[in-house]
Structure formats: C-alpha cells, structure tokens
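Same chain, two partners: subunit A is paired with subunit B first, then with subunit C.
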Partner chain A sequence: MGSFMQRTTGTLIIPVGVFAVVWALAAIDGASLFSSGDSLLILARTTAVTMLTTMALAINLNSGRFDFSLGAMALASSTIGAHIAITYGGGFPAMAAITLVAGALLGAFSGFLYTTLRISPLVSSLGVTLLYEGFAFTITGGANISFTQYPELVSFGKSLTAMIAVIIVALFAVYMVFDRSRFGSDYRSLITGQSAAVSAGVKEKGNAIRTYAVSGALMGMVGLIQASSKGLIEAGSINFSTIGIMFTAFLPMFVGGYIGRFSNDKLGYLLGALSMSVIGLGYSALRMTSAEQSLITALLLVAFLIFLSNEERVTRWWRRMKAGKGAAPSEPTSLESVGAGAR
Partner chain B sequence: MHDLNPTDVSKETDVPVDTRNDATAKAADKAESTAKAEAKAASKARRSKLFADLAPLIGLAVLAIAFVVVGTSSGTNMSYALETLINQSVIIVIIATGAIFIFAMGSFDISLGASTLVAAMVAGLVHNATGSLWLMLGAAVLTAVVTSLISATLAAVFNLPVFVTTVAMLSVLGAVASALVQTTGGAQIRVDRSFAREYDTLTVKLIVAAVFIALCVFLFNYTRLGRVEKLIGGNPITAKLTGVSMKLTAIAAFGIAGLGVGLGAFLTVLRTPTLTVTSASDIGMNILVAMVFGGMVISGGPRSRIYAAIIGGISMALLNQTMAIMLQGMAGGAGIAQMVRAVLFLAVVWLAASGFRTKVLPR
Partner chain C sequence: MRITRKTVAGTAAAVGTTLVLAACSSTASPEASGSPDADGDAAALESVKMCVLVADVTSSEALSFRDYYTQYVASEFPVEFVYSDELADAEAEKTAMEGFIANNCEAVISFASADRPTQLDMAEDAGIYYAVATGALSEEEYETFKDYEYYVGAIGPDVMTEYQAGYDMAQYFIGEGDTSFGIFGGGIPYYLEMHIYRAAGMLAALAEDPTTSYGGATEMGDILGKIYADGTINIGDFESDVYELTGYLETWDFDAAWQASMADMVGASPDAILAVGTGNAILGSAVDGTGIQIGDIDAYTEDNLAAMENGTLGYLAGKFTSINGPIFAATYSAVVGEPYRTEDGSAFALSQGYWTATSAEEFQEIIDADNVETPVYDADTLTPFIAQGATFDEFADFVSKYTFADLAG
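Showing the complex of A and B:
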C-alpha cells in the first residue's frame, strides 16, 4: 500500500476514467448520458444487480469455487417468493423476505451438496443449475409469473432510493461478514492456505456452506430486483438458460480485484459495477445494438485481462521509455491476485 | 560365561529365550497384520477406483435398460426412438470428443456452443452462395478451427487464463452471430430444406462421427500429444520442466476441438436448416454435462478418457428419451425431467469421484 494519494488515485482512476471517456464520447455524438428521467434509476439498478452478482461470483471464485448456478438461484428464489406472495398474500414485504430466505437456503443447499458429495464445485454447480431451473419450471408448470395484477410488487425495482439502499446495505453486510468477523478470517485463511487452515482447525465444510448461503442470499436479492423491475419472472427458463447473468460479472470482478489492491475489494466490486453501468448508459446514449454492446464489452474484458496479465511488463516498458532506454521483457504478473485462478 | 548361540540358549536358559522368541514372533505378527491391513486397504482402494472408473459405464447400462423397458412397456416405436436418440447425441458426442483435448489439459472452453452456432451460420451462408456441400463442410470446419485458434492464441500470447478468454469469446461470437443473421435482412439464416434432408441421414452422421472419433482416439491414446496433454493436466510445472511446449500443445488441442466443432456445426445445419441466434444455445453446457457424465475429470490429467464423451453423450440422450416417454403430456414435465437429470448427473459424478477423495474439499 502506498500513500493516501496513491491509494485514492488507484481506487478512483477506473470509475472516473470510464465516466470521463463515456461522457466525452456521448458529448461528441451530441448525446447525454442522463437524457431521460429514468437514467439515474437505471444506473442505480444496474449497479446494484451487477455488484450483487459480482460479489456472489467472487466470494466463491476467490476460494477456487466456480459457480454456474448463480442465475438459477436468482430465478428459483424469486419464483418461490413471488409464488407464495401471490398465492397467500402478504404483498411485497412477504415476497422480499421469502425470496431472500429462499435464496440463502438454496445457496446453503448448493454448498451442502458440494461439501457432502466432495466433487468439483464447478461440476456440482452444473447439477445444481439443472436442479433449480427444473424446480422453478415445475412450480409454475413452465409458465412465466406476471405481476400485471399486483402493482404493489413492482414498486421496489422502480425506486431509486430502494436501489441505493440495497447497494449500501449489501456492501456493508458483505464487508462485515467477510472482512470483520471470525467467519471472514477463517474464509481468508482457507483462500491463502487450504490445507494449513484445515490442519489448524478451521471448519472448511461449514465455512463453505455459509459462503454459498451468502452467495444465494445475494442472488435472491438480484432475483427480487429483476422480478420487481421487469414485472415478470421467466420461470420457464431451462437447459442452462440462466447462466448468462454470471458472465456480466467477470469484468467488474477483475476491475474490483484491481481496485482492491488500493483499498478494499468489496468497494472495488461496487466501483467496477458502477463503471459497467456507466458504460451501459453510454451504449444507450450512442444507440448501439446489442451485438455491438456484446462485442465492445468482450473486447474491454480481453484488454483489461491483457493489461493485468502483463502489467509488470508494461510498467517496466513505460519506465524505460521515460528513461529513454527502450523496452525490456519481463515475467508476466499472475492473474491469481485478481481472482482469475481458472486455467 | 558360555559363548552362546541361540540354539544353546534354548537348551540351557529357557526364560530369556522364550521372551526373545515371543518378542520376535509378536513383531512378526504385527508386521504381518500391518502388511495384511495395508494390502486390504490397497485392495479396497483399487476396488474403489475400479468402481469409480466403471460408474459411467454402469450408468450407461442402467439407462439403456430403463430406456428399453420404459419404451417397450409404453408401446413406443423403438426404432424411431433409437433414431431420435442418435440424432440427439451424435452432435454432442462429436464436439465433446474434440473438446476432451482441451479439458485433458485442465483448461476449460465455455464458448463451444457459440462457436458451433457461428460455424453453422457461416456454413449456411456459404451453401446459399455456392450450393456446394463440400464448400459448406469446409466453411464450417475452417470457421470453427480459426475461432478456436483465436482463443488459444490470445491465451497463449498474452498469458491469459483460457477460461476467461473463452468467456470473452462467448460474447464476441454472440455478437458475430447477430451480425451474420443481419446480413440476410431477417432474423434467421435458411438453408434449402430439401438439400439438408438429403444429407441429414444416419449414415452421414455415423460416418462423420466414426472417422472423427477414430482420429481422436488415435491422437489421444497412441501419440505423444495425448500423453503430453494428460501430463499438463496432471502437473503443468512438471510438464514445463520436462520441456513440453505448453503453448503449442494448447494450440494443437484447440485446433482438434475446433475440428470437432466444425463437424458438429456441419451436422447442425443439416439437422436444423433454419438458424437463429438461439440455435445451438444449449450445446455448450450439454457438452460439459455429457463429458462429466461419461467420467471425464474436469481438472484433466491422467484420468482423462477420450471415450467419456461417447458414454456421456449417449447416456444423456438415453435419459432424455426415457424421461420424454415417461412424462409425455404432464404439466411441468420438462422441469421434472431436468431435475431427474440433475440428480442422476450428480449421483454418477459422485460415484466416479469415489476413489479419489482428499482430506480438503476439492476446488
């Protein structure tokens, strides 16, 4: 860690830089990032959903556990919450509470399966994805759940205050759980030295199940936000059609990991999600097609990974250029430090 | 003092001799029992590993029996059901067999489905422009191999994790598929249906599958490439220190996988001559499920088996067909079928991993 200035610069350079570039591009095109009344709401909602998904992905991936079932957990928990709230009443509070509890339980069950079967977490998550998608489909008979007749269930996802509150509460909760608790201390010791931590008495199984439960609760919130903002739950999604949401979290996760070097990775996930949301507003302002958006996002991901993977080489090259000595090769920096452990 | 040897001692002083003999005997007994226990444990471990290796085959046999029993008892036309089964599994088997070269190295490609779609679309466009079957096949294979090599080269040149590179490729290929569809001015690419039907036969499929699988089995089991890939998957550091070129091996693996994707894309166009951006959307994940169902170890290494894709692909198709017959007309039947598929998948994987558990949780 360097000085306060260095840390502040490292923490803010990406979100501020992204905002400046996107704003300038929009201005050159004669467009505004915040042209409609809903722009701020969209920014906050997209940031909330992306941040929650990124955290849900990262807390397991940091431990080497890849989880394909994030989208399926969001779908199944929101289906359960909405189905019970519509069938038995209780309005939005009931739907929210049931969805969050269901998300946590589905996450815990996923962790229980993984720790009990002791199979690769990636493989386990494939089975869990099939299971939860099939479960949501079975509850509704494959039909979508529409909130057209229940306007009280859609107000949450359309409230700017609610979205900002979600971001603050989730960020604080995840920070407290993973950075300021005994559980978090055990979690980090398992990341840095799995065998040593287990030999020292850390209960790996319980820690993993609770991590999955937190991941499930975060995805429950994602399901709740999406259900109430769209007014619809696509409960008929099967054959792995829910895994797409996970891919939106990769770039913010790497950005968050990078920012985490200067401050805190959880704050990094928020700033990474915020940067992605600003880019999303830029796409809209520049009237880009979904194909163009996918292409640019993918290129940004590759470019950022290339930077991370060759950061040391770039830095040395830059220093030599400044000193007028030309470039020199060096060993690449490991991506492990920013959560890219998968080969 | 007598200069005693053990035989003399036995004659003159009984007590100490008996004690020494007892101690020796006890030590021998202990050594024997330890050896027996070790042999028993080793035998148990061998049985366990043998069972783990056989679990996918047992799963396949059970599913085949269930398919025949359910099919015949419900009066299903079994020859038609068998044809559907081959149609369902052959594309997955071909692509998954090629993909084993990537997975054996401990790498992971999630863009195979999207790559299949793009290759199929290019093949369809080439056919529409030329009317040639062979050019269509060539276009499918070339597109898929080039796509696959782009992922491998990006990962190799820039030292990127293969999985994340393929995540980015997934988005890029999705965008390319959208752009290709837009070139037709509509929402789909159509290939002449009568032309497709002419070649969408079991004979064509089985010939393509047999030739490609034979090539893969040869390369994987009887050449240095296969051995090196398993070595990289098992211990990349050792492989590197042995002088193995990780980059060239990865490029070769992705090239072979690309060939499989190209052939799968070719058969996809014949099977589904109307292509949209959602065509083949579930192929990528189903390949993964099929490989694991067939006993492929996701971390690669020496336990990688080239036949895992064949066993897994056929098992999945058998299960899908059996569930389709059983749940015909039932509301939510597709959801129940998927849940059953999930439970069986987890059960087979659990059995296949039974001989290889460690003290800490796998990652």
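Showing the complex of A and C:
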C-alpha cells in the first residue's frame, strides 16, 4: 500500500502541483484558467501535440540519437497530405491517412540515411531537416497552404473529442509498441546493452529504422493537428525554422523521465505535456507578454534540470527535515525547534 | 589523403545540402532580349542582374510581388532577378548581401528591413545600386544615407501611411456602428514599426471619442510613445464609455498561451477584430461562423476574396500586385546611368499607400484590374520611366498617382 501511495504521489505530484500553483496564481489575479469555451480544447490539443513531439524525441534520444528533423517531418508530411487532399480530393480522411503514412516513410528514410551513412545522428538529422524543408518548399512552390476554402480539413483540430482520442490512442499505441512487443523488447535491450543485444541476434539497424518510422508517424500526427487547427501550413522556409518545435519537448521529456520512475515514462510524457499546457493557459490568464512567457519557460527548464542534478541532496535534506520533525513531535513548532530539527 | 567511407558520406551530404539550398534560391532568367522603348520598339537596353532581399517568402503578398517580377517584368525587360531565401534577422540579411555582391549583382531591391543601414553601407562599399521596395527609411536614416551615390531611393508606405491605414480601418468599422473590438498586434513585441504605427492609428481613431483614451493618451504621438514603452498593447489601459477593447493577441506563436489568448479574444465576441496584418490567414479559421468580422492589411489573394465573400473579412487594405513596378524602373535606370535624384541631388523617398476593399465586388474589381498577367504597372506604363530621359518630377508625379482610380479607374 505504501509503495502504491509512493508511486501515485510521485506520478501525480508534478501535474497536480503545477495545476494548483497556476490555478492559484490566476485566482489571485482574478482570472480563470478556463475562461473561454475553447479552453478545454486548447488544453487537449496542446497536450496532444506536446506529448506526441516528446515521445517522438524521446524514443530516439533514449538510444542516443538526437533528431533535429522532427519539425521538418511534421511539416513535410502534412504538406504532402494536404496537397494531395486539396488537389485530388478525398477530404480529411485522405489527408490524415496520407500524412501519417508520409510521416512514417519520412522517418524511416531518415533512419535509413543515419544507419547507412554512419555519420553522427545530429549531423545526419540536420541534413534531413533541410532536405524535408526543401521538399515541402518544392511541393508548394514556397507558398503557404491555406485551408480557408476547405473548411472540411480544419474540423479535426477543432474537435475536443478528436484530440482526446488522439491522446488515448497514441499513448496506448506507443506503450504497446515499445513496452509490450518483441520490437520493444529488442529496442530496450539495445538501450541497456547494445553489444550483448546484437550478439543475441537483435538487428540494430532494422530496429533503429523502425524507431525512426514510429517517430515520423508521431510527427505526422503533429503536423496533421497543427495544420487542421491553424488552417495553414507555412512551407516557405528552408532555414531550419522547423527545429524550434523540438525544444518545446525538452521540459516535458525531463518531467516524463522523472515521472517514469514511479510509473511509466510514456504516461510521464503525457503528464509532462499536460503540465506544460496548463502553464500555457496560465500565461494567457495572467496576460503575460510573449517575452515574459519565454523567460519563465526557460527558467522552469533550468530549475528542473538543477533539481534533477541535485536530487540526492534534496532528498537527503528532505529526509533530515522529516526525521527532525519526527524526533520531536510534541514540541511546539517554534523557529528554534524547526531549526534544531533541520540541523 | 585517404578517402574513407565517412569522407564520401560527408561529401555527399554537403553536396546534397548545397543542391537543396541552390535549388531553393530561385533565379528568373531574362527572356526578353530587349525592352520596348517609348515608341514601342525593342530597344537595346543592356541586361541587368538585380538581386532581391526578402524577409518573407510565404505570404500571398510576397508571392504575388515575386511573380510580378519574375514572371512579368523579367519577360518584358532584359533583367535577371535573383532572390534571397527568407531572411529572419540582420545577420541573415548581411550574409545574403555578401552573396549578392560575390555574385556580381548590379543592384539590390530590398524588402528586408531588419538592418537597412548595414545593407546600405555594404551596397555603397561594393558599388552596387540599392533600393527600398514597399517601405521607407526612417527620417534619421534618410538624412544619413540620402547622399550615398548608390542609394536609389525608396517607394512605399511611409510610417504615416501605415498609421493612416490603421486609422482608416478602425474608422470604417466605427462607421458601421461597431463598438467592441479585438486587436491583433502581430509583430508589435518585436518592435515592427509598421505594425506599431497601424495599431496606433486604430487606437487613435477610437480615441476621437471624448470618453476614450489609451493609458490616458488620445493623440498619435502619445499613443505611439506608450506602445513603444510597453512593447505591447495592454487592454486594461483602454478606457472608454463607448467602445470596448475585448481582447488583444500578438505574435504568431501558436502555442498553448497564444491559442488561449486567441480563444479569449474570439470568445469575447467583439464586433470586429482589427489586424495589423495577416489577420485572415491567422484568425480566419477561428472566427469563421462566429459573425465576427476581420479588418486586415494584407494582399489581394484568392483566400482573402473567399473570406470577404463569406463575410469573415470585412475590410482589406492591400498593396496591389504590381506596386513594385516604379521602384524597378528607378533601379534599372540607375544601373544604366540615369538615376533619379531630387532637386538637391539626394536619393528619393516617395510614398505610396494601399488599395481598399470593403466588399467582394470591390475586391474582384481590384484583382481583375491588377494581376501578374495584366498589371496596372505594365511594360507600356513603365517604359517611359526606364532610362528614357524622364525627370525626377515626372517620375515623382507618376508614383504619386497610385490609387485605384488613378491606375485602373
């Protein structure tokens, strides 16, 4: 029971804590986190996008493969899907199917390049980023794709039910693929002991390519959600502008990794993404400028990294605090006695 | 040197990247071997290589400007246009200028404004002509650079024109009986001058009501000063017994906070959202079906026409497709030895404003009158001002007649 409580507390402390703090700050300011009818939709949509991006980043980064091309995959796959759906018809189902398949293929190609060229994944993914940005540019001729005249293509991103379904299905699918399949078992064995796994017959190249393909499919879904919610795909830049989306996933990834110790890292990514989305709603409720938002997000990331780096010290200090309090339960809680306990 | 697999792979990656970049930095080769002269004959004008700095390559406006140059002008005059990639900041502009100078460009037409002084200095040092399109230098900058030998001049909306565009938009919706407004401030936090002036114009129009002020300010200078000081617009500082400012949104972040602010603005159901630019592209999907109208300063595109037809877009002030014809004529003339200079020998600074549409019919009239195939600034209109001995006063008069009635009425 104690273990269950500990695990539950460890899993929920960050999202619940974040929600409580942000809600309290908004209340003090006389604002509400859910001030508009679309607040829940925005919460679900940004949680879905951040969770998918975090998973796409983490599944390769866990194996030491840093992938800058996540945003470019989202851009190129959604551009392909939207372009075909607009040109040849088929509506949203066609756009969704093509985007997801294109994302998986683009991811697999990225993995193929990495495993074939055997250059650093960081360098390889930079090349792939430019390649995919150029690909999207070529398809659109450098123009934005606007859905103003195709309202049927934007309904998906405006549906709360669809966004919740995306979260549930993606979480379940990624969990099954990486935690409950032979492929996932091979993937984990390569992380914990590559040489041993290869000696045991695990095909590392194939595993890496398939991991990239899953990452690409996840980013295809990100591209689909973004395109249908914005009603716009900006495909005219070949300047690494798509890299930015990756940085939105770092804090949720670290939070997810922390939560994963108490439950499952995939659930952790969801809760990390949810926490970030709540913070985003808080920024809006508190009417913070974009500069203030950037600064606070950066500070939160740094603070959490400092916490992770000094976690043992913090834990020791917390235990000493608890032990101190436990040793003198009946004493009055004067400043002196707290100070003595802390020593 | 030993050629390893890594060497080959690295070289292939580098070549691939270069090819992608090269493919995307497009060039329009001249098809015309000579242009028609004032008499309509093919003149033996020399071929000129003009390079174009662009900060935006995706908007409909940017694409229509580009098509006008690369598809129409390049087919009518002996000119080769070389475009930069999208330039996000001053450093990117500098790098692009270095590339242009190394590639023997004879003139640079700049749509990029992050660091114009550096662009001007680089062009002057390299001895290549430099012109500002659809924009203007600040007064201080103009005084500094007006005597540069290779500075051709600027044609475009000056800051007062931008202010007036925002003012006129707000006045239009006030005239329609609207009393509650949202404002999309775009690049105000990045201190984008034209967006700040447009927003100041909007607030000044509202502040003409005696009970209305923005942070106590009612005049242009005071409103501008407050926006510059804050780097944003605070709707809490807006006071009025007549009008409501129900929401404000800025930048193009699309993150959770941005989306929540947009939802708040739309959810407050204002009569209209006044956008300093790209309003329909950014907000059109969100306001569709809500009855809220957008006022926008953008371009005459099919998407904006569709939005005006379905009632989402209520007002559009837009630069017309061929608006950059005169700056091309002036730049070409300078390269071939006939620069336009003011009476005191300085580079020119000429202003042009927007064409306005408030109905789908007006919108259609405008795009019928001016498009890439049949621009209002066509070859016949431009030719008398391309190295044909026209005076500066004649050229200035030509540029000043830019309204729809002047050019297409």
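In this text, the second predicted complex is superposed on the first by the 317 of 343 C-alpha atoms of A that agree within 3 Å, B and C clash if a C-alpha of one lies under 4 Å from a C-alpha of the other, contacts with A are read in each partner's own complex, and residues count from 1 in each chain.
Here, contacts are C-beta pairs under 8 Å (C-beta built on N, C-alpha and C of every residue); 3 or more make two chains touch, one makes a residue touch a chain.
Everything numeric in this text was worked out from a predicted model, so none of it was measured.
A.B. asks: Based on the superposition on subunit A, does the combination of subunit B and subunit C result in a clash or a fit?
C.D. replies: Once both complexes are aligned on subunit A, subunit B and subunit C clash.
A.B. asks: By the touch definition at the top of the document, which applies to A:149: first (subunit B), second (subunit C), both, or neither?
C.D. replies: The second partner, subunit C, only.
A.B. asks: Pick one for A:241: touches subunit B only (first), subunit C only (second), both, or neither.
C.D. replies: both
A.B. asks: On the A-aligned overlay, A:137 touches which partner chain: subunit B = first, subunit C = second, or both, or neither?
C.D. replies: It touches subunit B and subunit C both.
A.B. asks: Taking the superposition on A as described, I'd like to know which of subunit B and subunit C A:37 touches: first, second, both or neither.
C.D. replies: second
A.B. asks: Taking the superposition as given, does A:314 touch the first partner, subunit B, the second, subunit C, both, or neither?
C.D. replies: neither
A.B. asks: Contact-wise, after the overlay, does A:231 reach subunit B, subunit C, both or neither (first, second, both, neither)?
C.D. replies: Second partner only.
A.B. asks: Let me test your reading of the model: by the given contact rule, A:289 touches which partner, first (subunit B), second (subunit C), both or neither?
C.D. replies: Both: A:289 reaches subunit B and subunit C.
A.B. asks: Identify the partner contact of A:46: answer first if only subunit B is touched, second if only subunit C is, both if each is, neither if none is.
C.D. replies: second
A.B. asks: Determine, under the contact definition given at the top, whether A:123 touches first (subunit B), second (subunit C), both, or neither.
C.D. replies: Touch status of A:123: both partners.
A.B. asks: Please state which segment of subunit C collides with subunit B in the superposed model; the candidates are 42-50, 60-68 or 96-104.
C.D. replies: It is 96-104; the other listed stretches have no clashes.
A.B. asks: On subunit A, what residues does subunit B touch that subunit C touches as well?
C.D. replies: Touching subunit B and subunit C on subunit A: residues 117-119, 123-124, 127, 130-131, 134, 137-138, 141-142, 238-239, 241, 289-291.
A.B. asks: Over in the complex, which subunit A residues touch subunit C? Could you list them?
C.D. replies: Listed in rising order, the residues are 35-39, 41-43, 45-46, 117-119, 123-124, 127, 130-131, 134, 137-138, 141-144, 146-149, 151, 154, 226, 229-232, 234-239, 241, 248, 276-277, 279-285, 287-291, 293.
A.B. asks: Please name which positions on subunit A make contact with subunit B in the complex.
C.D. replies: Result: residues 63-65, 68, 113-115, 117-124, 126-131, 133-142, 194-195, 198, 204-205, 208, 238-241, 243, 247, 250, 289-292, 294-295, 297-299, 301-302, 305-306, 309-310, 332, 335, 340-343 of subunit A touch subunit B.
A.B. asks: Help me check something: in the complex, which residues belonging to subunit C touch subunit A?
C.D. replies: 5-6, 9-10, 12-13, 16-17, 20-21, 23-24, 26, 57-60, 63, 85-86, 88, 92, 189, 231-232, 234, 236, 250-251, 253-261, 263-264, 266-267, 280-282, 284-285, 288, 302-303, 306-307
A.B. asks: Where on subunit B does subunit A make contact in their complex?
C.D. replies: Result: residues 105-108, 154, 158-165, 167-172, 174-176, 178-179, 182, 236, 281-282, 284-286, 288-289, 292, 298-299, 331-332, 334-339, 341-343, 345-346, 349-350, 353, 357, 359-363 of subunit B touch subunit A.
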